[in-house]
Amino acid sequence: MAGNTFGTLLRLTTYGESHGPAVGGILDGLPAGVEIDTGFIQHEMSRRRPGQSRIVTQRREDDELELLSGIFEGKSTGSPIGFMVRSEDSRPRDYDALKEVYRPSHADYTWEAKYGIRDHRGGGRSSARETVARVAGGALAKLFLRTQKIQVQAYVSQVGAIALQQPWHELDLSQTESNIVRCPDADTAEQMIRLIESIRKQGDTIGGIITCVITGVPPGIGEPVFDKLHADLGKAMLSINAVKGVEFGSGFASVALTGSQHNDAFLPGNAERKVITATNRSGGIQGGISNGEAIYFRTAFKPVATIMQKQRTVNTAGKAVEVMGRGRHDPCVVPRAVPIVEAMSALVVADHLLRQRGSIV
Amino acid sequence: MAGNTFGTLLRLTTYGESHGPAVGGILDGLPAGVEIDTGFIQHEMSRRRPGQSRIVTQRREDDELELLSGIFEGKSTGSPIGFMVRSEDSRPRDYDALKEVYRPSHADYTWEAKYGIRDHRGGGRSSARETVARVAGGALAKLFLRTQKIQVQAYVSQVGAIALQQPWHELDLSQTESNIVRCPDADTAEQMIRLIESIRKQGDTIGGIITCVITGVPPGIGEPVFDKLHADLGKAMLSINAVKGVEFGSGFASVALTGSQHNDAFLPGNAERKVITATNRSGGIQGGISNGEAIYFRTAFKPVATIMQKQRTVNTAGKAVEVMGRGRHDPCVVPRAVPIVEAMSALVVADHLLRQRGSIV
Amino acid sequence: MAGNTFGTLLRLTTYGESHGPAVGGILDGLPAGVEIDTGFIQHEMSRRRPGQSRIVTQRREDDELELLSGIFEGKSTGSPIGFMVRSEDSRPRDYDALKEVYRPSHADYTWEAKYGIRDHRGGGRSSARETVARVAGGALAKLFLRTQKIQVQAYVSQVGAIALQQPWHELDLSQTESNIVRCPDADTAEQMIRLIESIRKQGDTIGGIITCVITGVPPGIGEPVFDKLHADLGKAMLSINAVKGVEFGSGFASVALTGSQHNDAFLPGNAERKVITATNRSGGIQGGISNGEAIYFRTAFKPVATIMQKQRTVNTAGKAVEVMGRGRHDPCVVPRAVPIVEAMSALVVADHLLRQRGSIV
Amino acid sequence: MAGNTFGTLLRLTTYGESHGPAVGGILDGLPAGVEIDTGFIQHEMSRRRPGQSRIVTQRREDDELELLSGIFEGKSTGSPIGFMVRSEDSRPRDYDALKEVYRPSHADYTWEAKYGIRDHRGGGRSSARETVARVAGGALAKLFLRTQKIQVQAYVSQVGAIALQQPWHELDLSQTESNIVRCPDADTAEQMIRLIESIRKQGDTIGGIITCVITGVPPGIGEPVFDKLHADLGKAMLSINAVKGVEFGSGFASVALTGSQHNDAFLPGNAERKVITATNRSGGIQGGISNGEAIYFRTAFKPVATIMQKQRTVNTAGKAVEVMGRGRHDPCVVPRAVPIVEAMSALVVADHLLRQRGSIV
């Protein structure tokens, strides 16, 4: 029950289904005095929008965000910020055929098992349309992080088997938005785009990985023992549709290393920070608390479940049937998921910054 | 602030430092009427205990659990269960040398940055000693899951580069406890043990992976959109010391697959379940909700940070110094982490089972 | 931070200011399958509406509620229900004069002290306009309670010094809505109405008491030791604007009684309930848990702070000034607060009914 | 489920039954750096202790508090503070007769209805013995408030019909502890003591009122719209055993006043505060947020349910029987409840002080 709120002090609560009249949310706990840059927020919304390029779904979705409260004379007031995006291009007819069919690897069956009732139109609440509200909430969180000089930047590091070879600090992240797949390396981006286009022509889909880098987080952020910073970031990532895994710093590769290979030596710091590390296999988090180094992690997205091919499945009566994907879907979710990863990360970091304010008498 | 509680309806709150007088916790929300099998609980405690074999730390730790409330005539009463383990073999002198040094890849520096004060003795609250309370709470959760015929079984699937080749369903998980590394395949276990022993002799440490399998979970468990079942399981795993990543079902490998390769076809079910899946790349969870198939996931542990070798670091004055590991530490954390992974998993599943009770009018 | 969510399993989160574009909310955790009677919801809204009679504020407020999600084919789906009421008759000019003045016994000064910024238009978020969202959320909760045969009925039992002499069970509560002050006794109602009219003519305001009766709650609802049923009901009441006190059952009068006078003897019950009580001074709650008897409590509302008289106060520069009430305000808040008291009560009871589902294995 | 935690950022979780091996708790979220004055804490414990005077229960209870974690070199570390009091003088035989009887106006019946199982010994978890943990947690909160120069002082203002006539600011609160009934006026105290003694001799009990005054709270504390400061204080009070009502500032008396009589005029302030009020009918809280004036409220306690007289009741089989109080009980609960009221108040204020830290960017 009641799993539609995220965060402790900065809390995002969302609502809305794929084909309902609107999706929206409430961000509660944003400190008063944050400048609300509506141009920036709308820009973030447009990064998530369908139809933005030839490699994403051509579904038309209105993404005109309306801010309904909590702002006065251009600044946050400390009161909850309600926001909403009206839905326009809903074509429920596209889904009538699926009313009595459980699409493979979709949430149709599990939602019906859970609630005994299911809004089958476009996946209802299980549709990625709900991420509209995450991006809006995350954009507001980013405006708060801006006041703290913290930056959250994500990019596509892998599509199918095509993977960026460089670690994040050897890349120019300012190039991420220069191509439609959101990979900061132009050559790799080109390969990824070609792969996605070829996959789409086959009526198929493909997975990918997004790397996220957060810089400027001061040491001391994160709440042991259960609300470790990376535990909350990890939950944030895993709550995004299609995510199957997340790893921080050295991640899964760390298991094959020895402690002497893996440990990050401390070094005397500089004007800004007393202590720095020689390497950063920890990914900027030690014991669940930020150490001042860059935080980075990778999130794995499985291929989108809707494919334009015939598949075996079962209908609501429990009989074997065949199903064929319809409607307009993403051949690969990662280009549009970049702003979602950033949004959820921004919410976590902002929440923990506020929680940290209570740590010392 | 206040990050020492885990769960929503079934809530574990814990306390205790490595060298304090006790570690303990409170499990609140366990339904009334659960048979409290104290032998089972103590058995779970002993699986986590130091000194249980030659490949784990030889530190002596009392693990005599005292149950202090919430039980009457052998059953839970619905009231919170307080429990405690007294500490005995604390040797604070071992740590005096570390009072003014930040051990590399430990939480010494970040805790001091966070709180401005640090209990340096054995890592204080950042020590894995706190997992005593997780295992106790998890054992109680398992007793509840027993009434629902749900089983949680974890095992070591990789140590360093030595990895089990078989997927979980080709293994005999009843063999997990037959060897000291807790790998259900005898040959692989033998190799893992030899590797850990050799690493220990070098005064070094090594990472590993634990796979966890949960069977018997009915369809419908998990709370969209933020408290997806695997999001909460993932947070649970990432909150355990030394964990750097977690993946569900096909995990990171899924990104290189197409939708047509990856989707799990639905099939007509059987007497027990209306619908089953032909494959289980989803890992038993779709759209954040259990589908009745086995839930499985892998958790990556980095090598333990304490090594018996000289390392560069910085002291509390910000000066470069050298540090050398002391005390008794695990060369590889995964054998003792198996019951911890199970405990946290049991807490999540039990919590979500209770949350599910409110889903339908 | 983040105080705009109410409830544990059934959670209402709200937003909106007096003169913003909309007020609204999200109700998360309503079980799936509740019939959504929109006529009933709109009826509840109209009970709270300004301008409904000559003894309430003549401010025009649109109260057209839009339900935005979580409903499919007339039933709740288990997903969060977003809702919104657009604002129309906002006349911000009425408030320009108050931009730099702290109105006595209003929240102007405290909000500015808290947030360093203040939306002065009509009190901003501190305006009772936010109760629109409470009534909408409460109406949905009542629809759930309807399935459990639980009734929540409030009425005005005192205005100024004019008090109903009969206890609730000697009144015909079906008469509450038969007069504009919402007092079930016609004669007393008439006196109350005359008092309010006379007070209004003086440009003054007057306080009152609302009694609330909840019937049909089964024994066993309420969560010791902190979330006792009456503790959560009491918080719900005290969170309503202008409330200064709340008392359950015998309330403040109980302090002058002895135990032998006050105790409620148990009696053998009937077909429906095993045990009943001879008297009900406990107010249907014992040890924080419902005992199956009617739950009743009284909530005290102070006189509305805005009066049409000159008052001493201080401006934002800290200088002494005079202020005179403007705009359209209620001379007495209790007639319109009846549905708000019911709404908050319904939310608490519904939440606790869901929490109770986890009490027994 | 899970109602044994109180607070948002500063969270007290408790456990323990009347006749179990121990009662205790965990205080999580206390900022690091608070000086832990153990003498003070033990002193607070002794104010709640049975047997402290001739007008309270003569039950012997050990109240030796053991602090188990979260403290290092005399200061809080930011980690959770576990604490425990062992039980010693438990005489379960006193209660054997009550195993199958529901005592009137006790929680015996409702707990059994809730959980289907009941620890009947001394009321189990429903016993006021659980307040040991509240007082311990509250003492720690008071040590934090001490660093903020905030004082919480409660006193007995009424016993039966004997009521203090003066408002709190005309009393010398330093005299509260000078007599065993904890009333700051010596003459009234004497009358109250005589009344309690006479009531006790009759084998009866009597109710009372405790007034609590909190000074030094800066303006701006409290979280609209649901977590208003007095809403959380009110819940805290109502969660204490035997409480039937709570009122803030002018309370129930406010309903008979007009706005012109009731409003607190603002006045230019002084060196410490920009704005003060001429009167304080608001009780130091406006719109749910502190205004810098003294916060005060009154809490009503019903007479203790256990009386040494025969009473009608019902047994667990639903048959009418008679019951006679046994054991050692308080004839009037308010003298020992004074430190409990203070403890709960301190927890609320400390929690809200921490929450306030996130209000402004």
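Each chain carries a letter (A, B, C and D) given by its place in the written order, and its residues are counted from 1.
What we mean here is this: contacts are C-beta pairs under 8 Å (C-beta built on N, C-alpha and C of every residue); 3 or more make two chains touch, one makes a residue touch a chain.
Computed from a prediction, not measured in an experiment: that's the story for all the values here.
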- Note on the structure: Chains adjacent to chain B and to chain C under the stated definition are A, D
- Task: Could you tell me which pair, A-C or C-D, is linked by more C-beta pairs in contact?
- Result: C-D
- Query: chain A to chain C: how many Å between their CA centres?
  - Reply: 39
- Query: Just how far, in Å, is the C-alpha centre of chain D from the one of chain A?
  - Reply: 45
- Message: How many angstrom lie between the centres of chain C and chain D, each centre taken as the mean Cα position?
- Response: 26
- Task: Send over the residues of chain A in touch with two or more other chains.
- Result: 1-5, 9-10, 14, 29, 31-33, 78-79, 114-116, 125, 224, 354-355, 358-360
- Message: Using the touch definition from the top, list the residues of chain A that touch chain D in their complex.
- Response: 9-10, 29, 31-34, 76, 78-79, 144, 147, 224, 354-355, 357-361
- Message: Could you list, by residue number, the parts of chain B that touch chain A in their complex?
- Response: 1-6, 14, 102, 104-107, 109-111, 113-116, 125-126, 130, 158-161, 199, 202, 204-209, 218-228, 230-232, 234-239, 241, 244-252, 254-269, 274-275, 277-278, 281-283, 285-292, 300-307, 309, 311-314, 318-320, 355-356, 358-360
- What does chain B use to touch chain D in their complex? 1-5, 7-11, 13-17, 20-26, 28-29, 31-33, 66, 68-70, 72, 75, 77-82, 84, 114-119, 124-125, 354
